[in-house]
Amino acid sequence: MSAAEDIANEPGRGFDRGTANTVLHIDDVHKSFSGLHALSDVDLDVREGETHAIIGPNGAGKSTLLNVCVGRLKPDRGAVVFDGEVLTGKHPHEINQLGVARVFQTPEVFPELSVLENVMVPALSKRDGHFRLNPFKNFFGEKALRDEAENVLESVGLQAQLTDMASVMSRGDKRRLELAMGLIQHPRLLLLDEPTAGMARHDTNATIDLLKKIKEGGMTKVIIEHDMHVVFSLADRISVLAGGRIIAQGTPDEIKENPKVKEAYLGEEQV
Amino acid sequence: MDRKTNLKDWTLFLGFAAVVLCLPIILDPIGANYPDLLQKIAIFGIFAIGFNILFGLTGYLSFGHAAFIGVGSYMSLWSFKLLTMNVLPAIAFSVILAGMFAYLIGFVSLRRSGIYFSILTLAFAQMSYSLAYSVLTPITNGETGLQTRAIRTDPATSLLDGDIRIIDQALGIQEASVPTTHFFGMAMSGYTGFYFCAVLLIICFFIAQRLTNSNFGMMLKAIKSNQNRLNYTGIHTRPYLIAAFVISGMYAGLAGSLMAVTDPIAGAERMQWTASGEVVLMTILGGVGTLVGPVLGAGIIKYAEQKVSSWNEGILDSFFSFLPEGLQHFMSGLGALFVGEGWHTTLGLLFMIIVIFLPGGIMEGIRRIAAVFARKSKSNNTSAAAPQPAE
Amino acid sequence: MSATKDITRRRVIKSGAVAAAAAGATPYFFTRAFAEGGYTNAPKGDSVTFGFNVPQTGAYADEGADELRAYELAVEHINAGGGGMMDTFSSKELKGGINGKKVKYVTGDTQTKSDAARASAKRMIENDGAIMITGGSSSGVAIAVQGLCQEAGVIFMSGLTHSNDTTGKDKRANGFRHFFNTEMTGAALGPVLKNNYGTDRKVYHLTADYTWGYSQEGSMIKYTKDYNWETVAAVKTPVGAGDFSQFITPILSSGADTLVLNHYGKDMVNSLTQAVQFGLAGKQVNGKDFTIVVPLYSRLMAQGAGENVKGIFGSTNWHWSLQDDASKAFVKAFGEKYGFPPSQAAHTTYCQAILYADACQRAGTFKPSEVGKALEDFEFDGLGNGKVLYRGEDHQCFKDVLVVKGKENPTNKFDVLEVVEVTPREQVQYEASLLGGELGPYNNG
Amino acid sequence: MDAIFLQFLNGLDKGGAYALIALGLTLVFGTLGVVNFAHGALFMLGAFCAVMLRKIFNISYERVSETEVDFLGKPLKEQIPYLKGIFGEDLGGFMLDYSVPLSIFLAVIVMGIVGFIMERGLIRHFYKRPHADQILVTFGLAIVVGELIRHYFGANPIPQAAPKAVSGSANIGYLVGLGPNVIYPWWRLVYFAFSVSIIFGVFAFLKFTTFGMVVRAGMQDRETVGLLGINIEQKFTIVFALAAIVAGVAGAMYTPILPPDYNMGMDFLVLSFVVVVVGGMGSLEGAVLAGFLLGILQSFASMQAVQNLLPGISQIIVYLVAVVVLLTLPRGLLGRKGVMED
C-alpha cells in the first residue's frame, strides 16, 4: 500500500488518473524481466461500460499487462489506476475487493471443492469482504447466495454439475466455471484472459452470446484474446500490443484497416 | 439438499457421541477399558481434531503444536496452585493463554508457507521445550515437572514447592494432604474424569463439524485447494490462516489442560517435536480432513503405546503355547520384534503401510469397504429387479 | 491383502485378551478397583501382580532391559522361596510366594518420559490390577510415578533414581528408594578425591541442564569446598547435546585442573569420551595432573565410554565384583541365567522386589500403610551392601557407598570398574530434615 | 583468543558434519522433490557400518585360558580374532586399528545398496505424493530401521576408537602462534579434512561430469530435462544412492567422535532439516554454508560469557537462527524461488 502512495506522491510525477468516464487507466507502465522489456511505455484507457480487447502476437506482453493490473506483478515504473484509485502496490485481494475480477486463462479453480462451492467462494468474498470470521454460519444456509450462484452456473451451462468436484471436470467445463466465478462477483471491471481458448466452436459461440448478454448489463470488460472471431464480435475498442508496446488503438474497423497491425499481427494470424 | 446434508451431519454427530460415551463397553473386549487409556483417547482426540482444523482444512503442516499442549498444561497447573482445584478456571485460562500463544507463533510463522512454515513452527516449539526444560525451571520445574502441593505454611517456600490456592483458601476449604482436581465437587480422576473429557470431546467435535461446514471452513478448504486463486477472488488468506491456527492452538491448549486436569502434573517433554509429530501421525493415520479420522488415529496410537508395549515375552509365550515348543519360542521371538519393547517397529510399519496403501488413512479404508458393499448390494438389487447392462 | 489384515487384527484382539488374563485381572465397569479389601487392587485368588515399569525404548532401554531381567529373577526366587540373594537376606520370612499367593507380573514402557511412565503405571494399576509399581531409570520419571502411586494408593519401589528430590522435597509416603542420591555421592567421593588428588584444586563443572544435574553439581561443590576445591566455572550443557566439544575447549584455557562431569547416561559417555580425546586427561595444569571425575557411574554406560574411563573416579550403588556372599550369590544366579553379570540397575530393582515381598510377608497383608510400616526403619543385611537401613522419616535406604575407579587392566569386557573404597554408611548418612519435603500420610486408595 | 580460536575450530568441525548430512538431504529435495525423514537413519546406518566392520574383524575363535578367570570364576575363554589368524598379528592388528577409516569402503557398498533399494522400492512411488505423505512414510521407515538396529546392537552407545596414530591431540597452538593450551584432537582435524574433501568431491562430481550436469539441470527444471529425452528416473536412483553414501560415510567417520546408538539418526534429523531450510531448500551451496554457519554459531553460543549474558542460548541458537533467517530471507540463505513452497 505504501508502495502505491510512494508512486502517487513521487515528486514531479503527478501522473494522469484518467478522464471522467475512464474505469481503468494504465499510465506509462514499464516492466522488464532480467533486462528483457516485457512492457514499455504502455498507456491505456478503458471506458465505462465498454468491452476492450487487447490483442497481439505471442509474447507481446498481454498476460504481463493483466498481471500488472491485478497486482500479481509490480511494474518497474508507472501505475495502474482503477476508478481514481491507484492499484499498483496493492495486494491482489485488495484489488479484487475494489471491483476488479479476473478470469484466468489456464483454469485456476479450487480442485477439491464442488462446482457450487467454487462459485460460492467469490460470492462470499463479494458480500463479506476480504476477511470475515463467522465460523458458525452454515454454508448450506446461505440460501440467497446459493440461488444466485446456481443462476450464474446455469447461465454458463453448468447447472447439472453443482455437486461435482472441480478436479474431475473437463478443461472446457473448468473454463466455464472460471467465467462463472468472475461473473458472480458482479465486478465493475472483468479481466478475461482468453476466455474461449481451447473451446470447441459451439462452446465458443455460446460464450460469446453469454458475454454479449453481460455487456448489455453494462459491465466493463477487458478481454485478451487470440480468436479474431471472438474479438470482432465482442469488442468495442481494441488495443494492439506488440513487443511490449501499444502499436495501435481504435474501433474494430479501424484496427482491421491499420497497416501496422496487419504487418505485426493479423497477417500471420489469419493465414 | 439442505435437509439431507443436515440429517447426515446430525447422524454423524449423534453416532459419534454415542460411540464416545460407550467407549468403555466397546473397548472392553480388547482390554482397553480402563480410565487412563480412555481419558488419553478422549484428550488426544481433541488435540487431533483441533490439529486437523489447521492441517486437514488448510493444508498447513505445523510441527509445533505440542508447544500449545505444554502451555495449556502449565497454565492449568498454575491455576491449581494459585487459585483453586476446581478445573473450570484452569481450563478457561489454559485455552485463552494457548490461543494467545498460538496467535504470536502463528502471526510470525504464517508469513511463510510449505515446508518453511513447518520448520518455523518446529523451531518455536523446540525453543519452548528447551527453555521449559532448563532455563525456565522456576516456572516449569524443569525435568521433574510442575505438580500441585499442599498449602505452604511458610511464605518463604517457593511457589513450586508450596501452593497458595487463593480462592479455595478464601472459601475456607480444608485440605487434608494434596487435594485432587474436581469440577464442582466431581473428582476428575477415574471414569468421571473420562466422562468429563468425553463430553468435551463431543463438544469439540460438534464445534469442528460446524466449523468445517461453515463459510469459514469453506474458505480454509479453498486455501488448501488453491491459495493463489483465493487472493484473486478478494480473500485475504492470512487472517483466515491465523484464525485457523489460533483455533487449533486453543484445541491443543484444551487438550493440554485436560491432561493436567485428569493428572495434575506438567512436564516439558510434552512440548518436544516428537509429541508434535505424534499428532501428525494420528491425523494422517485416521484420515486427514475427515472429522472422525483424527480421533480414530489418536485412539489407535494411544492403544499401541499403552497396550502393545505391554505384551512381553511371557504373554507371547502363553499366547503361542498351543504350538510345539521349538516353534513356540521361534514365534514368540518373532513376535517380540513387534510387540512389547518392539512396539515402535509396529508403529513404524503401520505408518508405512497406511501411507503406501491407504493415503486417505483408515477412513478411506472404511469408505472403500463401504463402497464395495454398496456396489454388491446394488448389483444384487438390480440383477433381481431387471437385467441391466454392465457398467 | 484384506485377508492378512484380518488375521493380524484378530490376533491383536486375542492376545489383548490374553494379556488381561495373564494379569489375573477381570475388567471392571464403573467400579473403583479397590472396593474390596480396603485398598487398591487387593489381590483376589491365589496370585498377586507386580507392575514393572522400566524404559524399554529410548536412551535407557538397555538399563531397562537389565532391570526387567532382575525382576524376572526376583519373581522366580520369591515364588521358589529361595535362590540368589534370598538365601543371604537377613530376613527369612519368605517361604515361597507372599502371604500364600504366587507373584505374577506385568510390564510397561516408561520411554524415560514422565507422561509415558505415568500412563503405563496407570495402565498396570487400573487395568492389570498391579498391587505395586517398581522400576524406572531417571529421577524425573521416578518422581512423577511416585506421585501417581501416592494418588492411586499403591506402593512405589523406585529403581534408578539418584536425585535428592525423590526422597527429599518430592518424597511421598507410598514411595521407597533403595538407590543412593547425589548427597551421598558427594559425601562419599569428597574424602576419596582429597586423598587421591590433594587439596587446593581448581574445578570446572560441566552440568547437565536439568534438576538432577543441578543437584549433583551442588553436592560436589558442597563436599569438596572444605578441601579448598574452588569452582572455576560451572557450565550447563543441554541434555542430549551429542557433541560436547564446544563445552570442552574452554576448559583448556580456564586454568582449571579438575573436570567434574555431572552427566549421566549417554551424555556421560559422550562428554567423557570427548574430554579424553581433547587430551585433558594427560595434561599438566598448575603443576598438577589434570583430573576428571564422574560422580555417578553406571557400568553399562561406562562400557560405552570404553577405554576412556580408565583411572577416573566416581561412585556407584553396587558392583558385581564385590566379594561378599550376597553379591556373589546374586552374580552367580544372574550370570547363570543370562550369561553376563548384573548391573547396579539390576541389583537395585532385584533388592526392591525382594524387600517389598518381604515387607508384605512380615505385615501379613498387601495394604500399603501396613507394608510401609514394615519397611520403615527396617534394618537388614545380606543384599550386597552390608547393613542397610530403610529410614522411616524419608523412606530412603542408607548403606555403604562404593567409590569406584575405571580399571586400568580389565580382564573382560564387564570388568571396567574397580572398587576403590567402600564408604561406610555413617559417613554418608544425613538428617532427613536436610532435604526438606513432607512424606504425608499413606494412601491405601 | 585461544578460546575463540578453538571455538571456531569446533564450529568448523560440527559444521562439517552438519554440512555432510544436509548435503544429501538437500540433493534429494532438489532433484527428486522428496522430503526424506529417513535421512538421519541413513547417517546412523553408516555409523553402524563402522560398528559392524569392527564386529566382523573381531569374529573370533575361543581358546580356554589357563591362567585367567571370568566373572563367575570359571576359566576364561579367550577370544582370538580370526583376522589375526589369517593376516598375521601385524596386518590383522593394523586392520583392527584402522577399522573406522576402513569402514568407509563398507559404508559405500552398504549404503549404495540401501539407497538403491530404498529409492526403487519406496521413494520412487512417492515423487508425486504430497510432502506430508513423504514425511510420514520415510519417518515410519526411520523408526523401523532404528528399531532393527536396536534389536541387534542394543540401545547403549557403542564406542569406536580412532586409529592409534590419530587418537591423541595435536598441539596446534604452536603452529598458529597461539599458546600451549590450543590443542585439538587429531581425529577431529581428520574429520574436518574428510568432510571438506567429500563436499568438494560431490561438487566436482556434479560440476564436471555429464551425469552431474543432467542432475543440476534437473534441479533447475525437472520437466525440461524430462522433455529432452533423458531418462531422469534412472538418474534419480543414482542421486539417491549418492545421498545415502554421503550420509553413510559421514556417519561412519563420525563414530570416534560420537559413539553411535540406534537413535542418533533422530537426533540429527531435526538439526539437518534446519540446516537445509536455513541454507535454502534444494541449494547445495546453501546447505554447506548453513551447516558451517550453524556449527560455528552453536560453538560460540556455548561459551560461558555468552551464556551468562543470554541464559539458555546454547539450547536454542539453532532454532533462533532458523527463525531469523526464514523471516528475513524467505527462501533461506541461497534458496531459489519456487522450490518447496506449496
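All chains are identified by letter, namely A, B, C and D, in their written order; residue positions are counted from 1 within each chain.
The criterion applied here is as follows: contacts are C-beta pairs under 8 Å (C-beta built on N, C-alpha and C of every residue); 3 or more make two chains touch, one makes a residue touch a chain.
It should be emphasised that the depicted structure is a prediction, and the values quoted were computed from it without experimental measurement.
Enquirer: If we look at subunit B and subunit C, which chains touch each of them?
Expert: D
Enquirer: Name the chain with the Cα centroid closest to the overall protein Cα centroid.
Expert: Here the chain at the core of the arrangement is B.
Enquirer: Provide the C-alpha centroid distance between subunit B and subunit D, rounded to the nearest whole angstrom.
Expert: Spacing between the chain centres: roughly 34 Å.
Enquirer: Any idea how many Å lie between the Cα centroids of subunit A and subunit C?
Expert: Centre separation, subunit A to subunit C: 73 Å.
Enquirer: Between subunit A and subunit B, what is the gap in Å from one C-alpha centre to the other?
Expert: Distance between chain centres: 45 Å.
Enquirer: Can you compute the centre-to-centre distance for subunit A and subunit D, using the mean CA position of each chain? Integer Å is fine.
Expert: Distance between chain centres, rounded to whole Å: 52 Å.
Enquirer: Where in subunit D do residues touch two or more other chains at once?
Expert: Residues 315.
Enquirer: What residues in subunit B touch two or more of the other chains?
Expert: Where subunit B meets two or more other chains at a single residue, that happens at 130, 134, 344.
Enquirer: Among all residues of subunit C, which ones touch two or more of the remaining chains?
Expert: Within subunit C, residues 57, 61, 65, 209, 236, 238 contact more than one other chain.
Enquirer: Go ahead and list every pair of chains that touch.
Expert: The list of touching pairs comes to A-B, B-C, B-D, C-D.
Enquirer: Which stretch or stretches of subunit A touch subunit B in the complex?
Expert: 70, 72, 91-94, 96-97, 101-102, 104, 108-113, 117, 120-122, 124-126, 128-142, 163, 181, 185
Enquirer: Applying the document's contact rule, which stretches of subunit C touch subunit D when the two form their complex?
Expert: 57-62, 65, 209, 233, 235-238, 240, 242-243, 245-247, 249-250, 252-253, 266, 269-270, 273-274, 277-279, 300-301, 303-308, 320-321, 331-332, 335-336, 340-341, 411-412, 414-415
Enquirer: Which of the residues in subunit B come into contact with subunit A in the complex?
Expert: Listed in rising order, the residues of subunit B that touch subunit A are 1-2, 5-6, 210-211, 213-219, 221-222, 224-226, 228-237, 239-240, 243, 247.
Enquirer: Could you please specify the touching residues of subunit B with respect to subunit D in the complex?
Expert: 55, 61, 108, 111-116, 119-120, 122-124, 126-127, 130-131, 134-135, 273-274, 277, 280-281, 284, 288, 337, 342, 344-345, 347-352, 354-356, 359
Enquirer: Which subunit B residues qualify as touching subunit C in the complex?
Expert: Contact set of subunit B toward subunit C: 24-25, 28-37, 40, 130, 133-134, 137, 141-145, 147, 150, 161, 176-178, 180, 189-191, 259, 263, 265, 267, 269-270, 305-312, 314-316, 318-319, 339-341, 343-344, 357.
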